[in-house]
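Should a chain be cited, it is by its letter among A, B and C, assigned in written order, with residues numbered from 1 in that chain.
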Amino acid sequence: MKRRVIWVSLVLVSLVLAAGFAGSVHGATPLTIGFLYVGPKNDYGYNQAAYQGSLAVEKAFPNAKVLQAENVPETSEAERVMERMIDDGASIIFPTSFGHLDPALNVAERHPDVIFLHQGGLKTAENLGTYFGTIYETQYAVGQAAGMATKKNKLGYVVAFPIAQTLLNINAFELGAQSVNPKAKTIVVFTGSWCDPAKQAEAANSLVDQGADVLTQHQDCTKTIVQTAERRHVLSAGYHVDASKFAPKGWLTGSVWNWGPLFVKMVKTVEAGKFHGSPYSHRYRAGVKEGVIQLAPFGAAATPAIRKKVTATYNGLKSGKIKPFTGPVKDQSGKVEIPAGKTPTATELEDTDYLVQGVTGKIPG
Amino acid sequence: MIATGHRGGVSLRHVAGLHRLHALTLPLVLLAGFVVISRVFDVSLDDTLIRATPFVFTGLAVAVPARAGLVNIGGEGQFVAGMVFAAGGALALDDKLPAIVLLPLLGFLGAFGGFVWAGIAAVLKVTVSLNEALSTLLLNFVAPLLLGYLVFGPWKDPANYSNLPQTAEFEDSARLPVYGLTQLHLGIPLALVAALVVWVMLAFTRWGFRARVLGGNPEAARRSGIAVRRTLFIALVAGGVLAGLGGMIELTGIEGRLRPGIGVGFGYIGFLASWLVGHRPLEILPAALLLASISIAGDSLQIDHNLPSTSVYILMALVVLAVLGLRGGTRRAEG
Amino acid sequence: MFVEDVLIGAVRSGTAVLFAAEGEVISERSGVINLGTEGCMLTGALAAFATASWSGSPWVGVAAAAGVGVLMGALHAFFVVTRRANQLATGLAITFLALGVTAALGSDYVAVEVNPLNPVPIPLLSDLPFVGPVLFNHDVLTYCGLALGPLLWVLLNYTRWGLVLRATGESGAVAFAYGHSPSRVRYLAVMAGGALAAVGGAQLVLAYTLNWVENVTVGRGFVAVALVIFAAWNPLKATAGAFVYGGAVSLQLQLQARGVDISPFLLNMTPYILTLAILVAATRGRAQRAPDEIRAVFGTAGA
């Protein structure tokens, strides 16, 4: 018996020693850029859009090393992942989920020489800038498409959390729908999760049960809702990426990101040493004008009339002539949130904490 | 029921010689595993210690009730309950009390949260004999929902005007002290202390003796006049207290604010840790180190090898299954 | 109509859990509790989704799921019956294993499209007011699920197989004395349970979510295990329990869609609290009604 113990221990010791020599060897590190996603990178949604941006960076910088981390939760786990990337030589980090901001700020404090470009955040630091797109602009146009296409005047919106970006999307969508169809109403359902297909399926089904004949969403993974809409023979408007192949009959249009060119520009700026003082070191907000947001291709359900109207609106958004949030805008209780004639800036809009009139559903909590 | 120890003849265990393992072999194997994993996946000791700390607490949370014959799968929910109670205290008092007073208070609150969460199951067990494995399992689902309700609603950070579900960040008075510039916090040595305390409690106190008798032979325990219900109740809530304390430590040591998603899976991993070592409190320490190193290896798997980080569960499960299968059941009627 | 909508939702979201619960009834009746049910559902879901996408047919996917479920069940049975390891720890470990394996193997399938199991309204019956849409306007697998409860009930109580199964659960020694190998019965029971749970997973992804993501079942397997106890190991009550769970899930979304101001979190708690409450209310004396072998698993230390 004792012999067995000695034998086992010897094996273990040699394993340990062998492992000791198996440590990684770090050579000279090339330009290393890290991307963090809160979900899977092929979710046909938010994370995929960011991932596509990262591919553009890979293409533009063929000698750079691009690190990818998916399914990174919005807790201190994210800090660990970022620290790991920095260990691997990352000098630029893109935390792409909203909830990665606080972890990123903590890591940024510890590593002043690493530049962080956070997607969607509202706080910045010396070496951390945030960027986002005013995607509610195109959601306004999408709302118009929905308003024109709906026969029952009921539109469904599946969302996750009542963060300002989501509320702006819902509001813009409804305002857009109202602008072409004053009777259109939007029903909002909060699932409490960025991507839980079972909840999405149930939410989509309940909305259709309620009579909604156009569905849209603010979720990270968009496939389930689009497919459920198609099965229940209602129309869908997409978000984040073009998912029209899942709704060959019912696809209208949607809002999609085009991060690639922006990411490449930002990396170039950092590499040129021009980060501090550039717009990217603050709260950078781009819109249709800068090409960061586009309309998804039109689908089978988009009639010529819809296409004409939406394209015209898109051009108006691009030129700056059309601004979705022009007062007077009332919230659900009738209170005037944006006075007549006033047009808030993107920064001011990010304080939104209400839903506009015409939206059914309560901000939870 | 025919309870057989061996099935006669040669079994796998005989061949491996493991049926007469020296008591130290398992902890040594676990430690060796931890070292190997850390080297191969480039896992830092700091990170491992930090991640092992909650595993120790959730492991102890399973071990104490288990010695009395109870199955506490609820470490997951009790951990969250501890976090929630501690967070409440922190939010209310972090600008009013100094750390030296506040931190022990928060510790008490965390323990109390775990006490309450396990207490629900314990009460049901001793009154209507509701099986604690199920009640604690169901409560695991309820705790994060309670957390969600609070961080979306009454406790949402008012300064965080983007409606993100999280509380305000705690003041320094509600944060555990750290060592130098690292993230190594006071909770790490506390985990060691906890394991020692539990060991002493089980091995050397009268209550511990009673609990062990109950766990080993309930009939004999009943006949010898041991207050069965009281012992069981205490055992289960002690588990809750430990898990709740672990939650408070993770909250004040690492996170610094309450948000959804903290500690997901920690309770279950603690369950596995305790089972790995047959619920022996001191051996939970190396088990926690091993499982922690595997857990963190997930980052390397992700970034350097393009595998999803949950793949680490595969390794964890294989380790546990290996030990479960090799050790087999010479125990009493557990299936 | 509100009640009708909730009930339709109940059947929609409860079916996956129903399959897993019925499978677990079989397993527990033989004396083995399988916390690996969650793992079986997950592997079944991935197997079904992947196979359906290669083959183009969802039914091939369902068959694949059943096959995989049998294997997962056999794994659990090996540890628990042959190696006599602790049932709860083994089941949990297997679930973790399944979580990791499906995450690793499934990452390629997140963006894939499959031919789903579409609803097939039963002619005439689906036109009945109220009952029609609630019961007769679902996919074929759901219809199988609806029939499963009564079928199992008959099998358990009126056939020899059922008798042998129940006897094994009550006392392996007795079954043995009458010429049946309790080990063999348990292996088969757990494998059958695993297969059914896997089919539940298949239904979840092929008929309901139409998508695979990591951990798509989110704890439904555990709920199934709890439901079995809630149902006192009775397959008919298990059916009811699964729909109570499904109803609670659906209720909170239906209420939201109607603008009712209740926190979705509090509503989401209802399935679990309800299960607990019913367990408590009905559990007095239930401990005595458990198959003896199951009682042994939980340790009879106690009141």
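Going forward, contacts are C-beta pairs under 8 Å (C-beta built on N, C-alpha and C of every residue); 3 or more make two chains touch, one makes a residue touch a chain.
Predicted model only: the values in this text are computed from it and were never measured.
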Key: Connectivity without subunit A (remaining chains kept where they are)   = one piece
Ask   = If every chain is reduced to the average of its C-alpha atoms, which one ends up farthest from subunit B?
value = A
Ask   = For subunit B and subunit C, what's the span in angstrom between their mean Cα positions?
value = 28
Task = Averaging only over C-alpha atoms, locate the centres of subunit A and subunit B and give their separation in whole Å.
result = 35
Ask   = Mind pulling the subunit B residues that touch 2 or more other chains?
value = 148-149, 152-153, 308, 310
Inquiry  = Counting only residues that touch at least two other chains, what does the list for subunit C look like?
reply    = 107, 214, 263, 265, 268
Key: Sequence positions of subunit A contacting 2 or more other chains   = 71, 192, 364-365
In the complex with subunit B, residue positions of subunit C that touch it = 31-33, 78-80, 83-90, 92-94, 96-97, 99-101, 103-104, 107, 171-173, 176, 214-215, 219, 222-223, 225-226, 229, 263, 265-266, 268-269, 272-273, 275-276, 279-280, 283-284, 286-287, 292-293, 296-303
Query = What residues on subunit A touch subunit C, complex-wise?
reply = 39-40, 42-44, 48, 71, 156, 187-192, 195-203, 205-207, 209-210, 221, 223-224, 227-228, 231, 245-246, 360-362, 364-365
Query = For subunit B, which residues are in contact with subunit C within the complex?
reply = 1-2, 68-71, 73, 124-135, 137-139, 141-142, 145-146, 148-149, 152-153, 214-215, 218, 221, 228-229, 232, 268, 271-272, 275, 307-308, 310-318, 320-321, 324-325, 327-331, 333-335
Query = Can you name the residues of subunit B that touch subunit A in the complex?
reply = 17, 20, 22, 25, 28-29, 32, 35-36, 39-40, 42, 47, 148-149, 152-154, 156, 161-166, 169, 254-255, 257, 259, 261-262, 264, 296, 299-300, 302-304, 306, 308-310
Query = Given the complex with subunit B, which residues does subunit A contribute to the contact?
reply = 1, 4-5, 8-9, 12-13, 15-16, 19-20, 22-24, 34, 67-71, 73-76, 80-81, 84-85, 87-88, 98-99, 102, 122, 161-165, 167, 192, 350-351, 353, 363-365
